[in-house]
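What follows is chain A paired twice: with chain B in the first complex and chain C in the second.
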Partner chain A sequence: MPRALHPVAWWVWALGLAVAASRTTNPLILLLFVTVAGCVVAARRTDAPWARGFRVYLALGLVIIAIRVGFRVLLDGQHGRHVLFTLPELDLPDAVAGIRIGGPVSLEGLLAALYDGIRIATLLLCVGAANVLADPKRLLKSLPAALYELGVAVTIALTTAPQIIESGQRIHRARRLRLAPEGRRPRRPVRGVLVPVLEDALDRSLALAAAMDSRGYGRVASVPRRALRTGRALLIGGVCAVLVGTYGVLDGTAPAPLGAPALVAGCVLGAAGMRLAGRRVPRTVYRPAPWRAAETAVAACGLAAAVLVVVAEHVDADVLFPTVQPPRWPTVSAIVAMAALIGLLPAWLAPPVDALEATPA
Partner chain B sequence: MIRFERVTVTYPDAARPVLRDVDLYVAAGELCVLVGLTGAGKSTVLGAINGLVPHFTGGRLAGRVTVAGHDTRDHPPRELAGLVGVVAQDPLRGFVTDTVEAELAYGMEQLGIAPATMRKRVEETLDLLGIAELRERSIRTLSGGQQQRVAIGAVLTAHPQVLVLDEPTSALDPAAAEDVLAALTRLVHDLGMTVVVAEHRLERVIEYADRLVTIGHDGYVQSGLPADLIRAADVAPPVVRLGQLAGWNPLPLSVRDARRLAPNLHARLVDAPAPRRGRPPGAPAVSASGVVVRYGKVAAVRGVDLVLRAGEVVAIMGRNGSGKSTLLWALHGSGRRDGGRVVLADGADPSRLDPRDRTRRVALLPQSPTDLLFLASVGEECALADRAASASAGTCRRLLDELTPDIADGTHPRDLSEGQRLGLALAVQLTPAPAVLLLDEPTRGLDETAKRRLTAVLAELAAGGRVIAVATHDVEFVAGLADRVIVMALGEVVADGPTADVVLASPVYAPQVAKVLQPDPWLTVAEVATAIGPPA
Partner chain C sequence: MPALVAALGLAAGAGTRPAVAGSPDWPDGPCTDNEGVTVVVDFQELGGGVNVRCAPAPVASGLDAFDRAGIAWEGTRRFPGFVCRIAGLPGPDREPCGNTPPATAYWSYWMAPRGGQWCYSNFGAGNRTPPPGTIEGWSFALDKTAETVPSPRYEPPAPIPGQPPNPLNPADCTTPASSVTTTTSTTVSPITTVAQPATSTTTIRTTTTVARSATTSTTSRAPTTTVRSPGTVTSTVAAVPPAPGGEPAPPAGWPTTSTLAPGTTPRPTSTTSTSTTSSTSTTSPSDPDGSTTAPATSGVSGRDGASVSTVEPATPTTLTMSTRVPAGAGPATSSPLGSVDLSSDGRGSGGLGPATLVGIVLVVVTAATAGYLPRRRRAAAAAPLNPYPAEPPDAPAP
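On to the complex of A and B.
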C-alpha cells in the first residue's frame, strides 16, 4: 500500500550510510554510496517542497570538493614525487614560517585532497537524502512527549515568521503613505517600522497564547511526585553516561567498559527518563506515523551497511584507505560492495509514495 | 448552560468596572447574540465564558460564572477546552499549525483524544463545514471566509457544548459572511449547540437569534427576546429601524418578516417624491485608463478604466481578493502599476510625483489604519502631522475632534478603540488637505455610531469638493454614502453606475431596505423617513 515511511527510519538509514562513508577515503566506494543514496531518493521521494532539494545537495557537494582541492593546490600541494605543475610562490615573512602559498603541485597531494573532498561531500549527500525523503513536520511529531514543547516552539516559529515579515512589509508600505516633515530624514526605520512591527508581533503572540490556552494547550496530567523525580534523575544520569560513552568510543585508550557499554546504558536510561517525564503530557498525536516492518527493514539496511564497512576496516583496510603515495588505482572488495547493495535495498523495501501525499498544495 | 451571577469585572488600572452586576442565563441550544458599542465589554463577556477573563487577561472578576456546572474560578481556560470552543476575532492570529487538517486536529491532540476518534471527527467536521476539499491546503493561502470556517472547525472537533465567536463575519465579503452564518445556523439547528456570538453588523445575525444581550456603556447588561430588546437598543439593523419608522408591530427582524408587512408602506410611498441621490459631479480629479497590476504570474488588476470626479463618493465592492485594494494603491501611486495611465486633475501622474508632493494631494488610508501611527501619544501624532503638512498648530486636532471627540492628548494610540484609531489616522491623513481621499475597508470593526459619524464626515468632505473612493464590503454603509458603485471581480470592473442602479440589480449587494421594498428604489431608512415623515 502506498504510504509515507516513518521519517525516523529514513534518518537511521541515511546516518548508517553516512557512518559507512566516514570510514573510507576510497573514491570508488564513496561514489558507490552516493549512487545508492541518489537511486533511493529518485525512487521514493515525494513532490513536497522539501523533497526537491537533492540537486542542491549535489551542487553543494561539488562546491565542497572544489574548495578542498583548490585550497590544497594553493596552500599545500607539494607532497609527493609526481609534480604536475608549479605555481608561482608567494614570499611570506618569517613570522608565518610553515605556511606556503603557491609552489609545486603534486599528483599525490591532489589525489589526497580529492578523496577527502569526496568523503565530505558524500557525508553531506547522505544527510541531504534524509532531508529530502523524510517529512520534517512528521519528524517533529515523532518527538517524544517530553520534548513536545520544543516541537511546538519550532512549529510556531515556522508559521509566524512569514507573518511577521508580512506585517513588516505592510507597515513599511503604510509608512510611505504618511507625510513626513520636511528637512528630516524621510524614513526613521526604528521608530517608524520596527516599533509597530514589534507591537504587532507582541499582539499576535498574545492572541496566539489566548487561542492555545482556550484550546487546551498546557494541560498537565497528575503524575506522582516520585515518578517525576525518578524521571529527572534518570534523564540526568542518562546524559552523563552518554557523555562518558562517547568519550570512551572516540578515545581508543579508554578502558573498554567506558566505551560502547556506557553509551548504550546512557541511551537506555535517557529513554526511560523521557518516558517518565512524558507521562505529564496527556496529549495524543493525530495520524501518528506507524512503525511497521518496512520501517524496521529500511533502518536495518542502513545499520547493516555501517556494520559491514566497520567490519571491512578490520578485514581489508587497504581497500578502504587506498594509498596515494605512490598513487594506485582504488579497488572495491566484496564486503564493501555488499554494504552498498544492502544500502540500496530501501528503494524497493520502502513503500511507494502516495499520490495524495506526493502533491500537497 | 451558561450562567453569570452578579458578575462585575474590573481591569487593572481601570477607573470603573467594564461589566457591572451581570446576571445572565443562556439555556442549552440557544443562539445568543451580544450587541453593544465598541469598548462596551462584549469581548469581556465572551472571555468570561471560558475563563480567559480573568485567568489570561488579568483583572478582577467578582461574582460567579459557571458553564455546564463548571465554575470558571476553579477551571482555567485549558481545563474548559473540551466544553467551550472559542473563535477569536482574527482567526489567522489563532492558528497554531499550518495546514487545515493539522489545525482541526490540534485541539483534540491537546485533550488527549484517541487517534482513531480524532480521525473520524476530522472527517466529519470537514464535511459539516464544507471544507473537505481544503484539507491539505496551507491555511495562509485560504480566503477569509474559508479561514473563518477552518477556525470554527478547529474548535468544533473537540465537541464542545458551547461555541463562542467574536465578530465572525466582520472581515468578510457579503457572500463569505453568508457561508459562515449558514454554517453557524446549521450547528444551532441540527446539532443543538449553544452559540454565543458578538456582532456589529446585526442585520446579518439577528434573525437567527434566540436571545439578545445588550451591553450598555455603563457596564450594565440586559438580556431578553430580540424583538423585545431591539426597540431600545443603541444598535439595530435597518430592517428594525424601518419597522419602527413604519410603526409595525411586532417589529420585523428579518427581511422576510418585513416584506410580509411591506404592502402598507408601499401604499404610503406611492405618491412620495423619488429620493434625490448623487451629488453633482465636478471635473475629473483622477482619471485612470487600462490600469494593470501583476504579482508574479497573477494579474490582480486587469485593465481598469475609471474616472473619479470632484465631489463624488465612489464605493468599490467585490469579493475578498478581487483587486479592490490593489486598485486603490495603484491609483494612489505608491503601489505597483504595470500598465495603463493614472493622472490627477492637472495631468500629473501620482506615481511620478515626489512622495511628499503625492501625499499632500492624494491620501490613502490603508486597511489597518494603526500602521500609520507610531508615536506614543495622540498629541504627538497630531503635532507631527501639523508639522509635516506645515499646517497651523491644532489643525489635526480640530479634524480629530470632528471625527471622534473626547480623546485625551496623552492617550496611547494603541489604547484607543477601533473607531477612535481610524479617526486619528484619518485626521492625520486629512491634515495636508488632499484633494483625493482613498479609503481601504474603513468600516471594519466600527460600531453603528462610529460608522454613522464616518458617513457624515465623508459626506461633508465630498460636499467640500473632495473626491472619495472607498473599498468596502459593507452594503449598508455604501447605501448610505456612495454616489457611484463599482463592482470588481477577478481584477476587472464588472459593474459601474449610480449606487441605486448597481445595488438594486444584485441580490448580494442590495441593502435590507431595498430588499424589503423592492421593486421600489429605496435604499436606506433615512430616504424613506424623508419621504413619509417621522414616525407617528
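On to the complex of A and C.
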C-alpha cells in the first residue's frame, strides 16, 4: 500500500551510506554510492516541494569537486612524477615557506584532489538524498519532547535549503510565464531573481511564525522548579560525560574508565534528564508516523552498508584507499560492491509513493 | 573524462616501471660522487631496517630525491606533498593516508651533510632543495615526542676523499649540523635503561672513549625515554633481528601487532642485512638492547660484533661521529643495513583489471537505472488515468 516512509528510516539509511562513503577515497566506490542514492531517490521520492532538489545537490557536488581541484591546481601540492602542465609560479618571500602558488601540476596531485572532492560531494549527496526523501515535518513529530523546541529550530534550519531551491524554481517558472527570454541570464539578476527569493523567504518566515504562535509554540507547562533544575543538571552532566567518554574512546592512551563507562553513564544521565525536562512540553502527536517492517528494513540497509565498509577497511584496506602515487586504477571488491547493492535495496523495500502524488500536498 | 582515463592508463603503465626490484638503475648505497643526494630510509618499528640509495643530480626537492632514487613513496590524499608511505609502509590497513598522519606515527624528515650529523628539517620535503652531495634521512617515528623523534640509525657517510662536504642551507635546519662534538651527543642518547643496568654497563666498558662519554649523557636523559615508552625499547629490537635468520618479532609499540606481521614477512630483515653491516658495528655497542639480545658477541668483540650492529640504537649517530669518520670511510658507509625493496610499494601492478571493470559496469548500470526510473514513473502516471495529455513542465504558457 502506498504510504510515506518514516523519515527517521530515510535518515538512518542516508547516514549509513554517508558513513560508508566517508571511509573510502576510491572514486569508483564513491560514484557507486552516489548512483545508488540517486536510484533510490528516483524510485521513491514524492512530489513534495522539498523532494525536487536532488539535481541541485548534484550540481553542488560538482561545484565542490571543481573548487577542490581548482585550488589544488593553483596552490601547492603538485608533487608527482607525471607533470601534466606547468603554471607560472609566484615568487613568495621566505616567511611563507611551505606555500607555493602556481608551478607544475601533476597527475598525482590532480587525482588526489579529485578523489577528495568526490568524497565530500558524496557525503553531501547522501545528506541531500535524506533531505529529498524524508518529510521534515514528520521528522519533527518523532522527536522526544525535551528536544521539541530545539527540534523546531533545527527543522526550520534544515528546510532552508529545500525552500530556497523551491523558491528559485517557482521564480524561474514565473519568469518564463512572463515570457522572459529563454536560456539567457536575467538582465537584472538582483531585481529579477534575488529580491523575489528573499521576499519569498521573508513571507514564509512570517507565516511560519504566525502558525507557530497560533499553535502555542514556546508555551510550557508548570513544572516544579526543583524538578526542572534536577533535569537540567542531569542533562548537562550527561553531555559532559558523553564528551569525556567520546574522547576516551577515541584516544587510545586515555585511562580505561574514561572510555566506554563514561559514555554509557553519560547516555543514561542524558536520557533521565531529557525525560525530566520533557515534562515541560506536554504534547500529543496527531497521527503518529508508524514504524513498520519497511522502516526497519530501510534503516537496516543503511547500517549494513556502513558496517560492510568498516569491515572492508580491515579486510582489504587497499581497495578503499587506492594509491595515486603512482596513479593506479581503483578497484572494487566483493564486500564493497555488496555494501552498495544493499544500499540500493530501499528502492524496492520502501513502499511506493506513486499514489501519493495524486493527493494534493 | 576520456582524456583523464587515457592519462590514467598511460600513467599507470609508466608507474609500473620503477617496480623492478633490484634494478641496476638504482643501486643500493650512498652516492659515490659529491653531486647526488643520498637518501636514507629507516623503517624503525615498521620492520625492514635502514635502506640507503642515491638520487643522481640534479635533485630539485626532497620529494624529487625519492623519485630520482627510484623509491616508491606516497603522499596523503589531501596534501600530496606530505609523505605518508615510503615503499608501501605503513600499509593502508594501518594508515589510510587520507589526512595528515597522526603525530604518533609519521615519517620524520632529516638531513645531514656528509660526515656531519642528522638534523630535523624545518621544511617539508617538497619545499626544499637539498644541496648536492648532502644526505636526506627518513625515519619512522612511532609514539615519539618532539624530543624523542629518532633520527635514522645510519651514519651520514664520510666526505669523499679530496672533496670538502657541501654544507646544508642554514635555514633548513635549526641545529647547526656542522659541528661534530661529543657534547651534542647528549641530545640523541639511545635507549638506555634502568631495566637492564648490568648489561649496559658492561657493554659500554668495552667500547671506545666516545661511547664512555655516552654513559654520562645517557644517565641524564635516559630515564625519560625509557619510562615514557617502554614498548619502543622492545620494538627496536624486534624490528631488526639480532641474530642471523631471526624472524622479526611483532613490534611491541605498535597497537595491533598481528596485522603488521604479513607486511614484514615479504621483506624480512634477513641474514644478508646482518652480514653487510658488520663494518658499521662500532656505532652501537653503547646500545643496551644490542647487548641484552646478544651479550656474548658484544662483550667479546669490542671492535665489531655483527649482531650488535644490526641492533643499532635509535640514535647512535652523534656518539660515533668521531670514531666513524676515520674508520668508516669507504666500504663502511656504502652498505645498506636493510633489505626493503624501496622501488616497490607492495601494492601490485595496478593495471586495468577485472575488479576495475566490474566497478565501472556497476556504476554505469546504477546510473542508468537512476536515469530511467523517473521517466518510467512519469509515463506510468501520465498514461492510463490522466485524461489530459502529458505536458512538458517547461512549456511556455500561451
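The rule we apply is simple: the second predicted complex is superposed on the first by the 227 of 361 C-alpha atoms of A that agree within 3 Å, B and C clash if a C-alpha of one lies under 4 Å from a C-alpha of the other, contacts with A are read in each partner's own complex, and residues count from 1 in each chain.
Note that a contact is a pair of C-beta atoms (placed from the backbone, for glycine too) under 8 Å apart; a residue touches a chain by one contact, two chains touch by 3 or more.
This one's a predicted model, so the numbers in the text were calculated from it and none came from an experiment.
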First (chain B), second (chain C), both or neither touched by A:Pro326: second
Which superposed partner A:Leu90 touches (first chain B, second chain C, both, neither): neither
Which of chain B and chain C A:Leu177 touches, first, second, both or neither: both
Partner chain in contact with A:Gly38 - chain B first, chain C second, else both or neither: second
Touched partner set for A:Asp318, first chain B, second chain C, both or neither: second
Which superposed partner A:Val264 touches (first chain B, second chain C, both, neither): neither
Chain B versus chain C as contact partner of A:Leu150, first or second or both or neither: neither
Intersection of chain A interface sets (partners chain B, chain C): 176-177, 179, 182
Chain C to chain A touching residues, read off their complex: 7-9, 11-12, 14-16, 18, 61, 63, 67, 72-81, 85, 91-93, 96-98, 123-124, 126-127, 171, 255, 345, 347, 350-353, 355-356, 358-360, 362-363, 366-367, 369-371, 373-374, 377, 380-381, 394, 396-397
Contacting residues of chain B [partner chain A, same complex]: 50, 52, 55-56, 76-82, 84-86, 88, 90, 92-99, 101-102, 105-115, 118-119, 122, 136-138, 140-141, 154-155, 158, 332, 334-335, 355-356, 359-360, 363-366, 368, 370-375, 384-385, 387-390, 414, 428-429, 431-432
Interface residues, chain A side, partner chain B - complex: 137, 152, 155-156, 158-159, 162-163, 170-171, 173-182, 186, 191-192, 195-196, 199, 203-204, 207-219, 282-288, 356, 360-361
Chain A - residues contacting chain C, complex: 25, 28-29, 31-32, 35-36, 38-39, 41-43, 76-82, 84, 94, 97-98, 100, 107-109, 111-112, 115-116, 176-177, 179, 182, 252, 313-314, 317-321, 323-333, 337, 340, 344, 347, 354, 357
